[in-house]
Structures are given as structure tokens and as C-alpha cells.
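Look at the two complexes coming up: chain A is in both, with chain B in one and chain C in the other.
And now, the complex of A and B:
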């Protein structure tokens, strides 16, 4: 059925191929591990585990930062794979990013599981400096330095994509398709992979720079507490960096949809003017929407919060709408071949689209004041991430696994349904819990809340089983992945 | 060549031991934002004009690595408030300042900048910007004076100046990435450089 889907990369060197597969193999393992962490938090809230709050918050910190880091890594592999078909990228830099990443991970894991650091992945000031005996300053510093190193690695990677893109297309405006958009240029627009990568490198370099400032200032404060920082300014910078980084992961992974779906439907996906416009708008909006994380901070300037609300309404839309409509027109009466890859990619579109609705609800100031610290929030972002982003990444893995005639079994189809049903049930329980005003980030729940937690735990287990099959399949088929280089 | 040496020496003199030099050092802002950059600039311009094609320097400064490292470490040292204090307290350190900034920061920068890897150039630019933001922020929140020779309020003005400079420079560099065409430039630069180095 899917035997004819070809994986072609005209100029992928052996070294780059190996490095990319290493990126993805690490990602598959870490996804699984972090999902087990996630499920164990739900088990704890269900009163099935009894690990105690100290471990709960360590695991919560590890799950948050682990997931965000690893989706960034996996998504950058997707971007690299498709972008390097169009521009010259540097394999040594691809390797360097991985090395920085792994060193950073060691420092972060050490901080959490040896040093006891448990201030949540957001390391909001002044919490890292207030371990009160649960963790010390060195543990907090190890976490911050680890994050800084990971940032340096990604910075190198995005600078290299910038260099490659500008060398071929001239500058960032041209690579975003502005001559076609604004000046009616008749030249062919850059391919969607280039447009998306350009957007991503712009926002991520800005985000990493902001992160690099605030991380170092937090480090200074750890050891010299008399340098008091403005907590609100720190929060602004952290959420600018955090929001941008996680969104950019989606915007990199979606390249897989643009590149792979057309193979399944035998119809080309060409960037239209609307497509170009929406990517340009999203570039601006992704960077200006982060105040929706600060709607409860009444000391924020009012205009910033209103901007956060308005742009939250619009932000997800442009790229999502052109992508979803683009995908639908590709699929409609195309006789699409259904297999795990195409199913995952279609699921990712649905998940991304569905995640927007509760996100918009929460992006409304008056609602946010009630809902913000409830499980509604993890509810909406797990829809995006678990049902939108991860299916893109797993879909890309299956695309490679099924390359050029390789087949997978019925187990994978079953795993897909486990993942789908488990995922939908799991996020629905988060949303329902939020509706009941159950707070987020609580290790122990009131007895009225426990039934929600138990149902969620069952669904979480289904997701983990599905993901286990996905990861197992990818890892055991690594050596058979067959990327044609003609 | 001889004329540029003359200008260089004169410029250094004006910036250092002369009355003008003292006027710079009376204020922290002038010291950090005018005198030090000018000392570096003097070396940089001299290096660009007279030393950039020097065979020997090209040979020992392979890929610009040695030069740029020297520039980063010595420049980094002069970023420390303590270094400013030392230069003001004793004439030995003052002399070290007047010599090291042009000769070991400005000149190495001039002869290395075009030779280092483009990614390294970009990293240095970004690190320079983030360092300005960090220092600016630190100077604003520092509870005490970082330099014994200057008052707290001057330190705060300097911090604000850092933030303004960093913001403007970021905007300028970002605009460049949208306005210029890097297609020809990259290849042009490369050709020039490699031709010179290998001929």
C-alpha cells in the first residue's frame, strides 16, 4: 500500500545522515522516558505511587524541560533534513549542536536528580535561589548553565541555517518570499521548507539571545543575591524565550507535513501568496504574543496584556489555517494512501487545530484570571504538543522507516489508535479538571479530584504504550532506513 | 604607510597621556564609551590600513583564530570594572591600557575579523550584544559602586547607555539582514581573501 513512498535526499552526506538519525534515535528514547515521567505524575496524583512531593516536583521539572528540549532537537532534525535539500548546511555544526545538547542534558539531569533542583522548567526568579535545603545554589547553577549550553548549540545551528539561506537567497526578506508578496516578483518563490526555516531562525535566535541574557543574570543573582532582579522583567524574558522556542518546534516540524503529504496524495504543495503572508505574520506574532503568560501579573502595562490577548486570538491562525486548508485540499479526493505516516500527519493537523480553541479561551484576560493556574493550561498545550507536534515528529520517523518499500506491521496501526484514543482522553481529562478548577502543579490532590486523575492515568498509559511501539519500531529499523541520494 | 603611522601615534597620544586623555577619564561614561572604544578603534583602523595584508601576520594568524582569541581575552579583561580602577590608580596599569587596547585588541581584531569563520563572526556579534544587555542590567541593579573611582549615579547612566547601544545595534544588524544581499558579498569576500592569502 505504502510501498511506493520514496525518501529522496539528493545531497545528504553519510555523516549528516548518521547525525540526523542519531538526533531522532535520541529523541525517540527521550520522548518515551519523558512520557513515563508524565504518566507517573498522574499516577502520583491518583494516589497509586506515593513518591512524595519532592520527587514529584523533580519529575515535573524534568518532564517540562526534557520535553521542550527534546522536541526542539527532533524538530530541528526535521528542518535540517528538508532544508538541506535546498541550501548548503554544515554537518560539523549539526554535530556540535548535539554535543552541546548532551552536555547540557547531563548538567540538567544532575541538577535535578542529584542536586534536587525542582523549581519547574521555567526557573522563574527568585525560586532557583530559594531551594531552602531541598536544593542548593550549585544545583540551580548547574541547571541554568545546562540550559545555557543547550542554547549555545541551537544558536550555532540557527546561525548556520541563516548563513546557508542567505547565501542562496540573498537575505532574510527574500527567503521569506517578500519579493513575491510585496513586489509582484515573477521569480519562483522559495520552497516552503526555506520560508518556514527562515521564520524559525529569526524567532529562535531572538529567543535564545533573550534567554542567554536572563540565564546569566539569574546565575549572577544566585551567587550575589544583593543584585536583585526585577521579577517581572525576568518573567517577561523567560516567557519570550520559552514561548518562542516551543512554538518554533511546531513550525519546524510542520515542514514534514509540507514535504511528506504531497507524496501521499501525488499533488504538489506550492507556496502561494497567502502562504507567504501567513508565515510573515506568524514571524511577528510568535514574538509578540508571549504576554498571554503574564495575564495575571497586574503590574504589567495594560497595553502589553491587551496586545497579548488580541494577538493570542490571531497568532495561531495564519500558518495553521493555510496549513490545514492546504492539507485538506491536498487530501480531498486524492485517493491518499493511508498508513501510519499519513495518519500521524493528519492527526497532527487535527491536534494543532483543536489545541487553538482552548488556547484562545485561556488567552482571554477575564477567563485567564480564573483558569490560569488550573489544569486547563496543561490541557491546552498538551493538545498542541502531544496531539499536534509529536505526531509530526513520529510521522517523520515513520516516513524514514517506511522508506523505499520497507513495511511495518499491524502492531503499528494498533499503536496509532492507542496513541490517538489515549491522547484525546488524556487531554480531555486535563480540560475537565481545569473546568473543575483543579490547580496545576500540585503533587497531591483532594479526594474529589482523584477520580479525574485515575481516568487520566489510564489514558496516559495508552499513550505510553502507543509511543513505545513507535519508538521501538524506529530504533529497531534504524539500520534499514534507506534514503536514496540521487 | 608612514603617514598612517604618524596619525596612529598622534591619535594614541591624544587619547592617553594628554589633557584630553585625562578629560576622558574623569567620567566613567566617557572613559568606557569614548576613550576605550577610541583606543581600540585607533588600533583597528591602523591594522586595516597597514597590516591586513602582512604576510607574516597572515601566516601566524591562521584563520584568524589567534588574533580573535587575543582580542576577546584582552578586551574581556578591560570589561571588568576592577580593570578600570587599576588603570586609574597606578600609571603602570594605565600604560598597559594604552598599549594593550590598540595593539592587542584593535589590531588583532582588524587582521582577524574577515578571516574567521562566518558563524564565529555571528556568534561574537550576538555575544557582544547580549553582554552589553547583561552589563547594562547589572549596572542598573548593582547595590554598590563597582569602580572605586566613580560614583553610583554615573554607573547607572553607563548602564542605561549600554542598553541603548545594545538595542540600537541589534536593530541595525537585524535591518542589515533584511536589506543587504549576501549572495555576492559572501563569494566576493571569500575570493578576495583566499586570493590574497594564497598568492
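And now, the complex of A and C:
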């Protein structure tokens, strides 16, 4: 059935093609490695490994920052592929981002696995300077500089995206579809890839700038302890940066759903006014919702925390009301062609929609008071990421793998079900553990909690097996990927 | 509270899953797109209003449950028990480890080094209330213990190698 799905890019240069496939190949490997790290944390909590707290917290730090970084990289490849059909983007900048990324990764891995750095991906001030002999300032600095370099690479990429979009559309408002939304313009709205990319570049340039500020401040403090920072300000900046960046990864990857799903259903998914409005509102909400990470910082201004709750609720609207319903409309009685790509993309819509629910529940201040920093929190964001974002990215990889007549085997179908069942079970165990008040980020669990960990570990294993097949398939089919020009 | 949160989450997620399953099971037969769009968009409008009303109701009803009252008043009411709490890598320092049941306790929580999370657990390991312990700031957490007993204090903000061992206890005695 997949033979009729065409992968077309009218003007993808050989250099850009090679670079994008390198992005995705690295992503496939790192997804798998980070999943093994994640599963090993659950095995440790299940008392099956005995790695000890030092390795646990190092792996926890690597898993957190590794996943954030690599989904950012893979999602930017998705955005670049589809956006460059409409807008001229710079291949050298695409390469530069990858180079910055790889240098940053080396510094971060060195910080963690040679220097012993384990302050979590959040590196909340002043923990990086308080390694208590487990890690030193140089290790912390290596982590911070590594992250800064990765940020520089992405900043270049999004600035280039802005340049390309503004060159074609004149300004960002036009690229967001505002003439159609506010001024009843009869011109055709920009393609969804352009609208989504514009939203992403706006939020990510702001997010990366905030991240860069806090990274530089933290670096100065490391070597000049007398230069003290305001811990609450630092926390605000870190969560603004972190929240925006990880959300922007989803908003980039969803372009794959907008572009590929219509090919499987033979129905168009064109931007409507509601679609444009939801992306404009998402631009604002992604940047203003982050105080919901600080609901237990009572010293924060109360209005900011209440705003965090309100915007958390409102953030569910574009996902549930526009994107999920849009996808379902596209599928219903469409005669959709079923293969691993379409299954993964529909799973991604389900994951994104379901993730809204525990996120909103936890964004309610009175609930957060008994759920914050329990396993409920990784529960909700693993629904978004493991069942939403990663299926978008794996779905895009399968779209390329199955390009223009290439086929995959039954093992891929089995892998999908492993991933689906494992993923659903895995996230449900997180939520159930959160309901049972089990803390997150604990290397060792009390005996009462271990049964939950063991069930979660079994599901985690299924996910890893599924992802292993996905990654293997992509890597072994790289040379056969066939992207037509027309 | 945890039970309510869990039940609501499970029910709503199952509704979403059931909707997806229904649509997927009905994806095979081909129908004209325009009538499908019309039908689904009317569902979308309905869903928008259901969610909007639901969110406003939940927002208003949850306002009373916000734990910020002690933080924003100038003086504690007479009879309030006050305990100063300071977190360190990796222990808690409390000005007193004993309080009376059924009388409000205000915990003035801060940190002497990194960020910590001050969380109160009951004997069955259920999380009752929490706030962050941040250097340079005092977060005031008010709680009324209903039952005498030994309550646990756990750290809920990652703070380094022995984070999971940062456990203390409070003895709650009858009035």
C-alpha cells in the first residue's frame, strides 16, 4: 500500500540531503541510547542493576539533556525539510548547527561521564557549584559551555529560518497568516510548514536567548562565587528556556503530520482561520505558560502563578480542538493507507492529545501541591514526548524509508505494537506512581514503591525493543532513501 | 486529591483514546470529505464550549485550594504554630520536630545551599503538602495535621548525590 506515497522535494541539494539524513541518523542512534539510559533508571529503581546513586544521577542528567537536545535536532530536520520546499534556507548554516551540536555533545558527555557532573539537565543554581567532591567546577563549566554551544548552533539555524521566511513573505506577521486572520485577505494563506516554522523561530529565539543568559551567568558564578545570582530569577530563566525549547520541538515535528498524513488519506489539510488563530495563540501561550513549573515557589508573584494555571488550561485548546480534531477529520472514512508511517503519525496525535490531560491536571495549583516533583510529572511529559513527539519523528523517518516504493517488513509492524503497548504501559505506571506520591529523581526507592518500578521496567523494555527496530531500519535503509524532485 | 486527579485523568484520556479508536475503525470506507468536515467541525465547536465552560468552572472552584495564604499575609493568626525549616545537602534542620494536631502550622522554608523540596508525607507515604526550599527566599507553607502520628519530610527537588536520603520526621501530638 505504501508504494503510492511519494516523497518529493523540488529543490533539495545533495549537500542539504546528506546533512538532513546525518541529523536523522544521529538522532536515531541517540534516541535509542537515551531510551536505554531511561530504562536503566527504572531498572535501578526496581533493584535489578545496583549501579548506585552516582551513576544513576549521571545517567539521569544525560537522559534529560540528551533527550531535549536530540529531539530538538531531529525536529529541526523535519522543519527544515518541509520549510525548504517553500523558502530558501542556508545549507552551510544547517551544517554549522550540526557542528556546534556535536562539539556541545562532546563537552556535555565529558562533563558527565569523565567529570562526574550530575546536577540534572535543569542545572538549578547553585547546584552546579555544589558537587560536594563528586564533580568540580571544570566539569560543571564543560556542561554549561557545551549547552551554550548547542544553543548557539540552534540560534543560527532559527535566525536563518527567520531570514528566509522574511525574504519571501516580507514579515513574520504575514508568514503567520495574519492578513488572512485579521484583514480578511483573500490571498492563499502560507502553507502550514511556514506558519509553524514562524511560530517556532519566534519562541525559540526568545527561549535560547534566555538560556544563553542564564548559562553565561552560571559560568561567571562558577569561577567568581562572589558574583551571586538570584536563584528565583535563574529558575525562571531556565524553565522559560526549557519549556519553550521542548515545546518548539513538538511544534516543528508536527509539520510532518500536516504534510504526510494528507498523502495517506488523499485529503488536503490546509490552514484555515481557526488553524492560523491557534498557531498565533500558541506562540503567545508557549512563551507565557512556563510559571506552571514554579507553582511550588510561593515567593513568586501570585498573579504569575495563577496566570500559569490559566494558560496551562488554555494551552490545551489548540492541541485538542484544532490539531487532534483536524487529524481525526482527515482520517475518518478516508480510506487511509495503513503502514508504519501512518500508524506512527496517528499515534503521535493520540499521544499529544492525551498528554494535555495530566498536564492540565498538574497545572492546577491545588493538585500541584501534592503532585509536583512526583512521578506524575515525567508521566505527563513522557506522554507528550514518548507517545507524541517521538512517533512524529520516527514516522518521518519511516516516510523517508518507505519513499517512492520502498517497503519494510512485518517486523516493523510488530515493533510498532511493542512501542505502542510498552509506551502506554510505561507512562501509565508513571502516572500511577505519581498518584501514589512516589518522588521523581530518586536513585533508590522505598520497598513499597519497587513493585511499580518493576512493572514500569517491563514496559520500558518493550519500548526499547520497538525503538531498536525503528532505528535499525532507518540506519540500514539510509542509502536507499529516494527523494524525488517532482 | 490524588485519587480525584488520577480518576479525572484516566477517564478523560480513555475518552480521547476511545474517540481515536472509533475514528480509526471507521477509516476504511471512503466518504466525501466535505460532509465529514462539516460534521467534525460542528463537534469541534461543541468541544470548544464544553472545554471553555469546564475550564472556567474548575479554575474558579480550585481558587480556594491554593496554598499561598500564609505567604501573602503580614501576620499569622493567634495560635499558629511556626516552624523554621532550612534544607542542606543532605539533611533538614527544623526549629522543632513536634507540633500539635488540629492547629495550623506555618513552615518558614528556606535553604542553606542548593534548592530542595520540602514535602510532608503521612505514615502511609501519601504526599500531603509541599513547597520549594530556595536559598535567599522563605516560602511559607501552612498545614493543619488532622491526626497525631509520625510524619515524614522528604526532599522533592533534586539536590545532589544523597537527595533520596534527605529524610526527616515530624511528631504530631494530640491537642
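The working rule: the second predicted complex is superposed on the first by the 483 of 486 C-alpha atoms of A that agree within 3 Å, B and C clash if a C-alpha of one lies under 4 Å from a C-alpha of the other, contacts with A are read in each partner's own complex, and residues count from 1 in each chain.
Everything below uses one rule, namely that a residue touches a chain if its C-beta (ideal position, glycine included) is under 8 Å from a C-beta of that chain, and two chains touch if they have at least 3 such contacts.
Just so you know, these numbers come straight off a predicted model, no measurement behind them.
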item: Chain B versus chain C as contact partner of A:170, first or second or both or neither; value: first
item: Touching partner for A:439 - first (chain B), second (chain C), both, neither; value: second
item: Which superposed partner A:325 touches (first chain B, second chain C, both, neither); value: second
item: Broader residue contact with chain A after superposition on the shared chain, chain B or chain C; value: C
item: Common interface positions of chain A, toward chain B and toward chain C; value: 230
item: Of all residues in chain A, those that touch chain C in their complex; value: 53-54, 57, 118-120, 122, 124, 126-127, 130-132, 134, 230-232, 235, 267, 274, 296-299, 302, 305-306, 309-310, 313-314, 316-317, 320-322, 324-325, 328-329, 331-336, 346, 349-350, 353-354, 357-358, 361-362, 364-367, 369-374, 376, 431-432, 434-437, 439-446, 448
item: Residue ranges of chain C touching chain A (in the complex, touch as defined); value: 1-3, 5-6, 8-9, 12-13, 16-17, 19-20, 23-24, 26-31, 33, 36-37, 40-41, 43-44, 47-48, 51, 55, 58-59, 62, 65-68, 71-72, 89, 113-115, 117, 119, 121, 125-132, 134-141, 154-164
item: Chain B-touching residues of chain A, taken from the complex the two chains share; value: 90, 93, 155-156, 159-160, 162-163, 166-174, 205, 209, 212-213, 216-217, 220, 226-230
item: In the complex with chain A, residue positions of chain B that touch it; value: 118-119, 122-123, 126, 129-130, 133-134, 137-138, 141-144, 177-183, 186
